[in-house]
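See the structures that follow.
Next, two complexes with chain A in common: one pairs it with chain B, the other with chain C.
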Partner chain A sequence: MIEILQDYGLNFLVGQYPHGPLGGLAMTLIVAALGIVLSFPIAIIFALARISPYRSLRWLSKGVVNFVRGIPLLMLIFWCYFVIPIVTGYSVSGFTTLVVALVIYEAAYLSEIIRSGIEALPKGQTEASQALGGSYALTVRSVILPQALFNVLPGMTSQFISTIKETSLGYVIAVNELTFSANQVNNMLLTQPLQVFTILAATYFLVCFVLTRTLSTIETRIRRNRGMA
Partner chain B sequence: MDLLTADQFQQLLWGMRTTIILFAVSWVMAFALALVLVVVRATEYRLCRWFVDGFVAYHRNVPLLVQVMFWYFGMPELLPENVRFWLYDHNAEFSFAAIALALGSSAYVAEDIRSGLRAIPNTQFEAASSLGCSYLQSMRYIVVPQALRISLPPLVSRALLLFKNTSIAMAIGVAELTYRTREIENMTFKTFTVFGIATVLYLIGTFTLMAFGSWLENRTRLDRKAAAK
Partner chain C sequence: MNATVRDAAIVSFDNVSKWYGEYRALENISIDIPKGQVVVVCGPSGSGKSTLIRTVNGLEPIQEGRIILDGTDVHARKTDLNQLRQKVGFVFQHFNLFPHMSVLDNVTFAPIKIQKKPKDEARDFARKLLDRVGLAEKADTFPGFLSGGQQQRVAIARALALRPPVILFDEPTSALDPEMVGEVLLVMKSLASEGMTMVCVTHEMGFAREVGDRIVFMDQGKVILDDTPDQFFSKSDHPRVQRFLADIRREA
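Right, the complex of A and B next:
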């Protein structure tokens, strides 16, 4: 196994780079980071729409979220794979397809988490802000979201971690990420699948485990800074 | 929109059948294994607890696709040759996919059951023993029914996720719904029709599960007002 790491370790980390396209763990992290960063604002919009006073907005948000939560991510990836080129008129790379699918998928799940945080806040918070003359935007930005997002931090971090794991599905549409790179290495070696896939699993485990621990440490630190320890 | 021939539609339904069987088989295995994990985790031995914690951590931090690949590509190396050939003759893809899905879900199911059990105050157990119930009787009639009621909602959403995750088995060639969809799409190029039908089939599956879950929750809910306390 150590030999494989010596010979192909770089393939696992960055794919063919710099002699070819970037791949491996680096690509996985890029896709995951894009997915998380882009889905976050969309999730907030969906969550706000879900509890807005307009019925049409509520229904739209509920419909989209339930649809996305009702189908496998793989199905969504295939939909993006076929629909995006038709809608935009350009053929897009697997990378873009995967990011778009992940953003839609994560936004649906995140929005439910954020909504539960907003609904758990006492109504008095909104009313107090309005009584002081706060506009909707001000109320949401300075009163609701800072409290609601903080309260659902644990749910959001586990959603972020599962985003990293879900990037592995990019393998199916040949996005050059970690799982894909590992399969390339496996195809080159041919005879040592057990070792290759052990390395692959161990890499994901390390990344996700360390990240989970780090995030929960940060969370307790924020809690302490806010005097809630 | 062009329609599918009866034969192609039949193939999609066969795919759906495999999806449902795969889901049912792995759910039953996952639940049985989870019960074992919960019991082992509850023992006094530190080694047992470490084992279960490690098992759970591994399955939570490694993508399901990688787990499936690990079983399908890696594990056969460890099997004796005649077992391996027997498996390859008897739909090895399905068996390995079911094992990987079951193991992956069992970690989560075990955590759900455990948190349900933890929510039951110890006094319930003590009261049962003081009324002369044996360990098994107090578990069977007092603790487990209450714990299951608490763990039911997370268990239902876990089953839902498992149903959707069966689509990952397509990556190793299990002829389930997503696999068949891709196959027919490749042959006919009726992209929208095929994927539309498959999506509807998945939605029917998830909504049925959701309805069944809320029916169960209603059924097991205590009618007396005491339950609300």
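Right, the complex of A and C next:
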């Protein structure tokens, strides 16, 4: 296994770059980061729509979230891959397709996590802000979201981890990410699939583990600073 | 009630009624609260006293009547409620401090984020208020590190930060351990002695007797009695009031 890493470590890390397209772990991290960063604000908007006083917004949000959660991510990726070019007339790269599909998919799940966080806050928090004359926007921005998002950090961490692992589905539409690179290495070696895919699994695990530990350390530190149980 | 009395009132209820579905929570309430008066609202649980003061700043809607706060109809459609709420402090039973902000940030929240006051000015005033409630040294800690009594005193400072002409207290000591009730009442007494207009829903009959100018006794959504503490405690022969006082004494 160490030999494989010595010979093909760079393939795992960056794919064929700089002689070919960027791939491997670097590409996986880029796709995952984009997926998380772009889905986050969308998820907040969907969560707020879901609990808004306007019925149409609530129904729209609920409809979209339930629809997206009801289809497999792989289906969503295929759907984006084949349908978007037909509908728009433009061909879209695998990379863009994967990011778009991931963002839609993760936003749906993340919005439910965020909604649960908002709904779990004591009503008194909203009332305290209102009683001081705080507008809806200020109350959401300064009182509700900072607390709700922090409280659901563990749930969001799970979702972030899912996002990282789900980038591997980009393989099926030939996005040059980690799994794709691993498969290339496997095709070159031909005889050592166990070792190659063990390295692949270990790499995913390591990335997810680092993210989990980082977020939980941050959470613990903030809790301690604020005197929260 | 004549016009001159109404003019002097900073809060005035005019035939206010409120329903929760079929249940009538407030029934034809008419009270005038003049500037500088300390009004204690009491009554058995479920009598509508908390609901009553929550209608004053529009936390609860009403279905009938009018509530005039400092010349403005609270529940009128065209009233800017966020603007009006800056004129009335509200202290909650469960404090409702913002746990993710430091004590100082809690107190400066409204002046800085809502009234857009300069930060230095808001912080100076907030430190003065914290000093006044005896918590100057806690400015930079978080509410999670404070006792219930300390949190409630911060909440009072937060309500005072907008310099409101009226403060509403919704059972401010009911969620506190007995040994912490005194420190909160002390702050409230000092406010009263400075001429602050206060409406307090409370079971603290000692406070009512000592500080209250007037006691409003409610039962089943109605004002049963509205009188001075002396009259209320010694001479009231209303059976419901007597039963309430007996219950309170048994608890104490």
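Simple rule for what comes next: the second predicted complex is superposed on the first by the 224 of 229 C-alpha atoms of A that agree within 3 Å, B and C clash if a C-alpha of one lies under 4 Å from a C-alpha of the other, contacts with A are read in each partner's own complex, and residues count from 1 in each chain.
To be clear about the criterion, a residue touches a chain if its C-beta (ideal position, glycine included) is under 8 Å from a C-beta of that chain, and two chains touch if they have at least 3 such contacts.
This is a predicted model, so every value here is computed, not measured.
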Exercise. When the two structures are superposed on chain A, do chain B and chain C clash or fit side by side?
Worked result: fit
Exercise. Is A:L189 touching the first partner chain B, the second partner chain C, both, or neither of them?
Worked result: neither
Exercise. Who does A:V92 touch here: chain B (first), chain C (second), both, or neither?
Worked result: neither
For this session: Tell me which partner A:S135 touches in the superposition: chain B (first), chain C (second), both or neither.
Result: second
Exercise. Which partner does A:I42 reach: the first (chain B), the second (chain C), both, or neither?
Worked result: neither
Exercise. Taking the superposition as given, does A:F150 touch the first partner, chain B, the second, chain C, both, or neither?
Worked result: second
Exercise. Does chain B (first) or chain C (second) touch A:R226, or do both, or does neither?
Worked result: second
For this session: Using the superposition on chain A described above, determine whether A:L215 touches chain B (first), chain C (second), both, or neither.
Result: neither
Exercise. Angle at chain A between chain B and chain C: what is it in degrees to the nearest 10, using CA centres?
Worked result: 100
For this session: May I ask you to decide whether A:E127 touches chain B, chain C, both, or neither, giving the answer as first, second, both or neither?
Result: second
Exercise. With both structures placed on chain A, which of the two partners, chain B or chain C, ends up touching more residues of chain A?
Worked result: B
Seminar exercise, completed: Min C-alpha distance chain B to chain C after superposition on A, in Å, is 22
For this session: Would you please give the residues of chain A that touch chain B in one complex and also touch chain C in the other complex?
Result: none
Exercise. Okay, in this complex, where on chain A does chain B touch?
Worked result: 67, 69-75, 78-79, 82, 161, 165-169, 171-172, 179, 183, 186, 193-194, 196-198, 200-201, 204-205, 208-209, 212
For this session: Mind listing the chain C positions that touch chain A in their complex?
Result: 57, 59, 82-86, 89-90, 92, 94, 96-100, 109-110, 113-114, 141-146, 158-159, 162
Exercise. What residues on chain A touch chain C, complex-wise?
Worked result: 122, 124-125, 127-135, 138, 142-143, 146-147, 150, 225-229
For this session: Give every residue of chain B touching chain A within the complex, in rising order.
Result: 57-58, 60-67, 69-70, 73-75, 77-78, 164-168, 170-171, 178, 181-182, 191-192, 195, 198-199, 202-203, 206-207
